[in-house]
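Let me give you the structure first, and then I'll get to my questions.
Each chain gets a letter, A, B and C, in the order it is written, and its residues are counted from 1.
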Amino acid sequence: MTDPLLTILYILVFPGFVFLLMYSLFFEFLDRRITARMQNRVGPPFFQPCADVVKMLGKEVIDPDGVDRRIFDAAPLVALAAVMTAFLCIPVGGNSIVRFQGDLILVLYLLTIPTIVLFLLGWLSRNVFSAIGGIRAVTQLFIYEVPFFLVMLAPALMAGTWSVSEIAHWQQENAWFLLLQPIGFVVALVCLQAKLERTPFDIPEAETEIVAGPWTELTGRRLALMHLAKDASLVTGSALIAALYLGGPMTPWVILPVWLGWAAGFFLFLVKTLAILLVLSSIKVATGRIRIDQLNAIGWKYITGAALVQIALVLVMNFWQVGI
Amino acid sequence: MSVLYEMVKNLLARPFTILYPSEKVPIPAAFRGRVAINDDTCIGCSKCSLVCSVQCISMADSPKEIEFKGKKVQRKKKPRLNLFRCIRCGLCERHCPTGAIHLKNELSESGTDRDMVVT
Amino acid sequence: MANVIVPIGPHHPALKEPVNFRIVADGERIVRLELDLSYNHRGIEKAAEQRDFIRVLPLLERVCGICSHSHSTVFVKGIEEIMELEIPPRARFIRTIIAELERMHSHLLWLGVAAHEVGFNTLFMWTWRDREAVQDTLEEMSGNRVHYGMNEVGGIRRDLTPSEVNAALARLPHLEERIREYAKMVNDQETLLIRFKGVGKLSRDEALAYGAVGPTARASGVDYDIRRDDPYLAYTVVPWNVVTDTSGDVYGRTRVRIGELQESIKIVRHCLENLPEGPIRVNAPKTAPKGEILSRYEAPRGELAHFIRTNGTDKVERVDIRTPTLANWTSVALCLVNQNLADIPVIVAAIDPCLSCTSRITVVNPKDRTTGIVTFDELRKQSHLRASMQERR
């Protein structure tokens, strides 16, 4: 075990919480800027997401009549904490310090917590729009979780390990999973878009139909924390897919000295997550929202079907290599 | 896919937005902006006040001698226009016999006084 | 789950203007719609009775911002017919140009709003960017982007200079190409197709029975366009086609509106290139003879009708405005039953609602805080009562 001071610095500052928050605000800026430029507009300036969070923190907190104030205060904190903890297990510039066998399962579990929190908020809001939005959030969760877990499982099966950092490390010696499992990569991106509730899957938050869904009654610092949780899950999701499919922060060959290898890996991590963000933003700009029953049809037929095909292919390939 | 092609084209091009204040929107010549009353040509016939759709023009005393169609006319009143209530419809400009009251193509900017008048 | 009442409005992000839909929903399926209009009633019809023919036009223009030229033209056309005035051909052509430019900007606006209602904000930004070309043209010609003020009894107020005509003609090719792009996008874009096709179906018989007008009816196969069937202005001398579709759903209405956009560009180009010379107005009398007239016009949303009664003075005695949106609301109530909750904004946006135009009577009971509407049977009883009172007098 490394020096405890280094561990604390890793968790709290870099590449832990402070880095995560700054990077997620930067991601939000880039997302909004790229979206705007694709739509032929100008887009917000660099410090806009930071200004938004600061402003929201300062606003008045409004409690609707008869709503349980303590759960409303605690729920956004729980969501943000879950996402921030999940980010710690993902390798950022070399192996993650808090890695262990099975941390892939932990990350996937923690990433579902924000959606459950949204459902909870929607249900407790005593508001018809929030209730409908919460129900839609959970329905969407059922539809995309199965293929998402399957395609996150596929690299673990092939690499033979349950730790995200070791899967990333495996790709340094062999090929990227992007090349070995392209179907899985596409399904992973689509399911990540659904998890983050962005167009075409922003059904729980459909502005023109149900005001803001479960976000309707969030105000002030609750909204700021939930907003940060959403941004952080964008970064965490992109980092997870980058680690599992694009080789994470691993350089194609081992670079010495160690600190240079670490820095090069970190730079590659940034490049890969930004590339994933570009793809996600393009999907957001190019499509409109679909209905929840249409998502049901598409999700179970095509997306889960593709994920199952991918798993079958991985099992066949494993069997082949074991046989040989 | 026409949407994807257009998206990429826009990403690399300049945005359509007019970047105020470094660029300004071009104002056409016919724009109905600030109301102005020319003191030297108004003959005080009150037609603008009668035609005004929102009745924002009242006539105030203002004697002056004006040259109108070659003859000297003694004007008794002049219009006073309440800028806040004016809807810039341009009927006064259309029915004025001398063109004394007219709408310029400058932007009528904002103010803080509800009873601001043009006279 | 028991039936839930989802209140859409009067305050709601999907609505640009206040209207109250009380949707009774069973899960995500709509059972019934209870509609309550009249939040935008401003008493314009009463105010119009107190203004003479010069001063009433800016008032009637401001009934609606998007179809302002429609209201002003239909009124002026009715008055001119009562006075038996013949306006010069140049005025007729310029009125047609402004009318078709208004139709273009309204349909481009609608395309953007319909895309926004399904969450496709990209198309919303692009169509509104191209709409700026139409607005710039209108601003150069008339002085304002909405409420153009071009009409007066006897003709139009200001003339078009050759430079304005050339500037307008120069903008048309780019617009035509963009509209062709949007027609292609609407046909190819998967998410638009699955959200629009089969949604809000209105059959031809239902459209005729419930009095739908405009592109809403033409998309269901009702081949009726006031510009061809009760012609006015320059529509008899300009070559153009009526656009219809047979599917009757939101996709059909989209195709009808895009087709009308393309027809409008052709009409504007033809009128600009063949603008006749001559005066732009004739001298109109100050008072109108006694008469009643029903003046009709094809506004961007459908058939707009003004019923005007004059009595020999320089003011109207009664003007009654029947807007196309008012005629289309019952078809919305019909289309929404058994549809998905998520389709409400799409179906409502498909009739292109302009709530400033729609004004209805509502009966308010302040003692027990209820509102209601006047039913048909109550109206008949009232009218029988009044008729018998008048007979006794």
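Everything below uses one rule, namely that contacts are C-beta pairs under 8 Å (C-beta built on N, C-alpha and C of every residue); 3 or more make two chains touch, one makes a residue touch a chain.
These numbers were taken from a predicted model, which means no experiment stands behind them.
Comparing mean CA positions across the assembly, the chain most remote from chain A is B.
With centres computed from CA atoms alone, C is the chain lying nearest the middle of all the protein shown.
Centroids built from CA atoms put chain C at 46 Å from chain A.
Averaging Cα coordinates per chain places chain A and chain B 55 Å apart.
With centres set at the average Cα position, the gap from chain B to chain C is 29 Å.
Among all residues of chain C, those that touch two or more other chains are 122, 126, 129, 189.
Shown for chain B are the residues that touch two or more other chains, namely 1, 3, 7, 16.
For chain A, the set of residues that touch two or more other chains comprises 38-41, 285-286. Across the complex, chain A is touched by residues 1, 3-4, 7-8, 10-11, 13, 15-17, 19 of chain B. By the touch rule above, chain A contacts chain B in their complex via residues 34, 36-43, 282, 285-286. Residues 1-3, 6-7, 16, 28-32, 51-54, 87-91, 94-95, 103 of chain B are the ones that touch chain C when the two sit in their complex.
In the complex of the two chains, the chain C residues touching chain B come out as 51, 54-55, 57-59, 62, 122, 126, 129, 132, 136, 139-144, 147, 149, 152, 157-158, 164, 181, 184-185, 188-189. Those residues of chain C lying in contact with chain A across their complex are 4-7, 12-14, 28, 115-123, 125-126, 129, 189-192, 194-195, 340-345.
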